[in-house]
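First up is the structure itself, then whatever we jot down about it.
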Amino acid sequence: MDFSLSNEQNDLLNSLNNTIHDYDDNYWLHCDNTSKYPIEFVNTIAEGGWLGIAMPTEFGGSNLGVTEAALMMMLISEKGGMTAASSIHMNIFGPSSIVKFGTKEQKERWLPNIISGKTKMCFAVTEPDTGLDTTRLKTKAERNENYYLINGRKIWTSTAQITNKIMIIARTSKRENGNPTNGLSLFYTDFNRDSIEARIINKMGRAAVDTNELFIDDLKAPIEDIIGEEGKGFSYLIHSLNPERILVAAEAYGIAKNALERAVNYANERSVFDRLIGKNQSIQHPLAEAWAKLESVKLLILKAANLYDNNKSCGVEANAAKFLAAEYGMEICKQAIATHGGMGYAKEYHVERLFREMMIPYLAPVSQQLVLSYIAEKALGLPKSY
Amino acid sequence: MDFSLSNEQNDLLNSLNNTIHDYDDNYWLHCDNTSKYPIEFVNTIAEGGWLGIAMPTEFGGSNLGVTEAALMMMLISEKGGMTAASSIHMNIFGPSSIVKFGTKEQKERWLPNIISGKTKMCFAVTEPDTGLDTTRLKTKAERNENYYLINGRKIWTSTAQITNKIMIIARTSKRENGNPTNGLSLFYTDFNRDSIEARIINKMGRAAVDTNELFIDDLKAPIEDIIGEEGKGFSYLIHSLNPERILVAAEAYGIAKNALERAVNYANERSVFDRLIGKNQSIQHPLAEAWAKLESVKLLILKAANLYDNNKSCGVEANAAKFLAAEYGMEICKQAIATHGGMGYAKEYHVERLFREMMIPYLAPVSQQLVLSYIAEKALGLPKSY
Amino acid sequence: MDFSLSNEQNDLLNSLNNTIHDYDDNYWLHCDNTSKYPIEFVNTIAEGGWLGIAMPTEFGGSNLGVTEAALMMMLISEKGGMTAASSIHMNIFGPSSIVKFGTKEQKERWLPNIISGKTKMCFAVTEPDTGLDTTRLKTKAERNENYYLINGRKIWTSTAQITNKIMIIARTSKRENGNPTNGLSLFYTDFNRDSIEARIINKMGRAAVDTNELFIDDLKAPIEDIIGEEGKGFSYLIHSLNPERILVAAEAYGIAKNALERAVNYANERSVFDRLIGKNQSIQHPLAEAWAKLESVKLLILKAANLYDNNKSCGVEANAAKFLAAEYGMEICKQAIATHGGMGYAKEYHVERLFREMMIPYLAPVSQQLVLSYIAEKALGLPKSY
Amino acid sequence: MDFSLSNEQNDLLNSLNNTIHDYDDNYWLHCDNTSKYPIEFVNTIAEGGWLGIAMPTEFGGSNLGVTEAALMMMLISEKGGMTAASSIHMNIFGPSSIVKFGTKEQKERWLPNIISGKTKMCFAVTEPDTGLDTTRLKTKAERNENYYLINGRKIWTSTAQITNKIMIIARTSKRENGNPTNGLSLFYTDFNRDSIEARIINKMGRAAVDTNELFIDDLKAPIEDIIGEEGKGFSYLIHSLNPERILVAAEAYGIAKNALERAVNYANERSVFDRLIGKNQSIQHPLAEAWAKLESVKLLILKAANLYDNNKSCGVEANAAKFLAAEYGMEICKQAIATHGGMGYAKEYHVERLFREMMIPYLAPVSQQLVLSYIAEKALGLPKSY
């Protein structure tokens, strides 16, 4: 066993740290207060080549693993919270379906622009009435001569306001009871604003990175924009579920680390009743517990990533990592506010923003309840509960 | 023992319910989204005579107790959250120092306008550097011929943007080590915007009811505006601490009830995987636990109020009620969001707003930690820990 | 509303306190260590007339309510834990089926001996394979000329080693799917050791009050020993469920109070690193929180009892009281041990015994999970989950 | 990074599993019920050479690290709980002071017998009045011509009833305020029952492995039995603190794993209301959460061990591992009982025994509170709180 980062991994993090150094607290506060997409930050990341961290080298990527991507997202969210992480999150793991199932032509056509940041893509899976039951998706893609005609509604699509490409899943044939996952197809095509209306959902946090409901009306996707085989889209999607959960766990970890550091600093500076508040066990013990929990969940996140990168089964570990990181993250962000007392409620102390952002990995991409059901079935052999 | 409301109390709540019936979810959402003070609601409340619920009848009040005020605030926050509650909170318990320690002339001069809603008052106690250690307040009031000249800074003053009166505590003589609470005096005077700058603090929630930092520069308070004796202000303030905690507990209860009802309704309507989500124990059990906790803490809130109204010691009960109501309230609001899944993150489902508002009774008017220290000392006889 | 005890209730508690004063910690420790039934204590209670607290005066009882019975059991378990409570628990609420549904002749025949303590009764409901699904009971009572012939197995029957009467439920006709609760009958008859073998179940705690598995082989119950109508036994049993839960909640409260007092005393006496450990917030804050929770749950227990005594529906309150009392009780007993450090593990400090005993109200007479399901359905209108 | 066990480590565990295979649940239940030291098990372990796992090869050991010792103790407690672990625990890490600071002659004289199991040793550090403040130890060792004369009292000494050697720390010179840790000396000498009375402390669990208060009266320790330099004993002791915490964490992990497996099995076998109880989310979700937490804490335990074995600082990791393993372990053992319902309270289902045993790593060798203070200071740079 070896629990330490390699020299390459440490160098990577140092380099990233230098790259993003100038984006300070006020930058992120301003983005949040004004709902401004952090385009400067995204450009800096793209220019540094970071978007291709897990993409093949032949298209401009670094061909590293989910482990390195997770380390990268930990650091980014530790510095800029979910606003920073979400602004680039989709570029990191979203194109993996293209990498795995796209044709050579498609890869050449699409990947370089994604990696360079020229393309901003969004991801359209969830629908308003289907919740987490993906097989019930109603959006249809009807095959015409040279294109598919796509109609339907999607929800929870991030960055649709600033995007020029959409990855979308739609039904190309009817749902069969025996095989409900068949008949869904995956497309990567232009985000044509004549055919797609993106309505912003006002939400609790992360105002800088928009989230939308999409109303899709006769969107034409050329046949060369379908990924892999028609009807196999769901199986392609499944491949990216574990990396997504690992990255979301990494982001939750980073946000919590960010909040913990602020709490510790405040506890070391603020005096009440002539003593540092950090001297109070009611202040310091929860922070110590937070530290312990973050240490343990970081190992679990990296173990899941390591398994994935070694082509080993990692589903229960990835889910457990997302579950614990989100649970602990919620506790820790709440505690960071409590540590600040009333000041924790003021936006300028940043912890309330982190708390609002932490709710995202708590709620998405899958609920904590479904994660537990998954672990109960897969790790413990207990019966399906629903 | 009798745990049921009297007929009069039930009538009161029915009447209040009718009065505020028209202020629906969208009203409160709009106020929050646009940082708009809910003046229509406040006027309706004032016109109904509700502001004087605990004020003497001779000045237009109803002369009821903290029990009825608590029941009122429970219902108001159950309907409109902390935005509704905070828009009138100060008028309910704030003037009690005037009632108890003011002269007949002052009462006649001040109370009718407070009760009618013509006066909006704010409360200026806390200072940026003193935290919860009130005896270290630095704002000074220097006695001149006919007035006191007040200089200093205050923080966490609510409604200062729309107020015309200020209740303020300031040092009129130096802090003595033996008697640190002596030498503080309480004033109720015009909120003169030439001498007071109120800077809004951007905060996590309750944007509709402003919170401010005050910069007070040569504010002249006429000598007839001092309440009671010079130097005794701290002792006057102490009298309203328990009612304040009881009302804050009542508001936390109301917010949590509000969130719980929404969660239950959603769980009874939303289907995923062909079944109501409320059929899942992971959804319904936390809501059942929430119900049990709210029932128990409601009794404790009302017991504390009942003790107060019967002139019995109620400090530990009032503090315990605020502590539990805030703890449970945080859990329940979080659970209400989790019940809604991703929808819980959207503002239009209201639960995220309640969660952000619940943080107020969690953090104020006193931290949960200090409450526990108080109970440890007063109820259990344990030594002071700080 | 009135949250205070009446003078009569206070007198009752003072009198009880005097009655049981001599049964000190060592008595209960000795009973536990040696598995000795606390017969001296039971005799003292019986001589004081306490067993008839809720029984009709005409048979020697005091005709008081569940409220007074709950107050009594709170005090008894506060002094002697579950060992004390369980040694008399069944006599307090067990005979209520006789009082409500027995004939005049039966009451005259049975109640005076129960109230005087001459009769020790046990309660045989649960069976090894039925768990909490009472309608699936398999024990049969076949009607012969003058008697019923009872055969079957029961589990979790307390005090069967020292008992001379058994209240038992058995099938007198087959389970119908439409009406599964029909066909069960209730008997109160001699505990005939020729027909009943009682095997002690070795258990985690409360060794002094035996718990048994019963093997019943041709037990003859004379027809005059059936309570009420044949086939209606389940409905009679239902009547005593709420009082039982209220009393169990009261006992959990008492045990927790007992543990809390020990923890507070220890924290006020023990010094480490030259300071009282009670000065540490990590020691004193959990105890303060325990106090707050016990105050609130005590009110809920008494409210449930008050509703019952006023013939109002009290199911959700009784269940919520049992749930919270058991949850808090577990926390508090654990904390009491933690407060004692290593000493908490030594039997002579008594808190480990209380912890082991607290598990009983946590697990019985109904699981915490089923309580939550009940509240979800009855108080919140959510669907049945199982 | 590499999170997988090596082939050698896997082989080790397989071999150990074979070695202890015959010691089944009933063996451990019997030991607990009858307070019988598991001498057969200890002999089997000794014969297999396992006691020397971390001892030098020249004296018969295997010279492996704390990592392997932790893996070994995880498996042993997973099979036999704390009864199994404690029966050999002291032989595993206790002699490390001898290995590190003993003379060649001492090692030759002592280690082979320890490794072969011929010597049973006990450890006498804690005293009744000093709690966790080791520098205040009062036991004295006065130097005479050829021996030290030791007098004093010790508490929490395990296995003193069956031991023939004692490792003991005592004052050889007075406590200086500036240097309170100086002047303590460490001895390893014969457990002479003429001079030492060992009184068993009746305790909550692990009755099979005795715990004692020692009354030491003129115990003569030959001068060749002092370890290292006179007065340096405390610093020697410190060296074994981290391995001890790691092993205790490993044991807590093993007990929790043991309890979790039983709960899962029961949930997969027991039906109530015509369905497996494991189908209930209220049953299965807590077990899934338990699994996730155990996975994460196992990684932290092994990371701490790995750091230690690589001569890196591991204090915060070792403490965090013991903290989390004990917290989670308590939760999980409680949940395992709750899963079993009433059966969980019966000794024959084993989970109550594990719960009682889990309290040991929760309370020892250091309280959870002191662990948090340590982490707050060392990992977060917060001030000392006591």
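Letters A, B, C and D name the chains as they come in the text, with residue numbers starting at 1 for each one.
Please note the rule applied: contacts are C-beta pairs under 8 Å (C-beta built on N, C-alpha and C of every residue); 3 or more make two chains touch, one makes a residue touch a chain.
The shown structure was predicted, so the numbers you read here are calculated from the model rather than taken from an experiment.
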TODO: Identify the chains adjacent to both chain A and chain C in the sense defined at the top.
DONE: B, D
Open item on the list: For the interfaces C-D and A-D, which has the higher count of C-beta pairs in contact?
Closed with: A-D
Task: Most widely separated chain from chain B, with each centre as the mean of CA atoms - done: D
Task: Euclidean distance of C-alpha centroids - chain C vs chain D, Å - done: 39
Open item on the list: Just the number, please: Cα centre separation of chain B and chain D in whole Å.
Closed with: 52
TODO: Report, in whole Å, the distance between the mean C-alpha point of chain A and the mean C-alpha point of chain D.
DONE: 42
Task: Where chain B touches two or more other chains at once, by residue number - done: 279-282, 285, 369, 372-373, 385-386
TODO: Enumerate the contact residues on chain D facing chain B in the complex.
DONE: 280-282, 285
Open item on the list: For the complex, give me every residue of chain A touching chain B.
Closed with: 33, 126, 130-133, 155-156, 201-205, 270, 272-275, 279-283, 330, 334, 337-338, 341-342, 344-348, 352, 355-356, 359-360, 362-364, 367-369, 372-373, 385-386
- [ ] Over in the complex, which chain B residues touch chain C? Could you list them?
- [x] 1-6, 67, 264, 267-268, 276, 278-281, 284-285, 287-289, 291-293, 295-297, 299-300, 302-303, 306-307, 316-317, 320-321, 323-324, 369, 371-376, 379-386
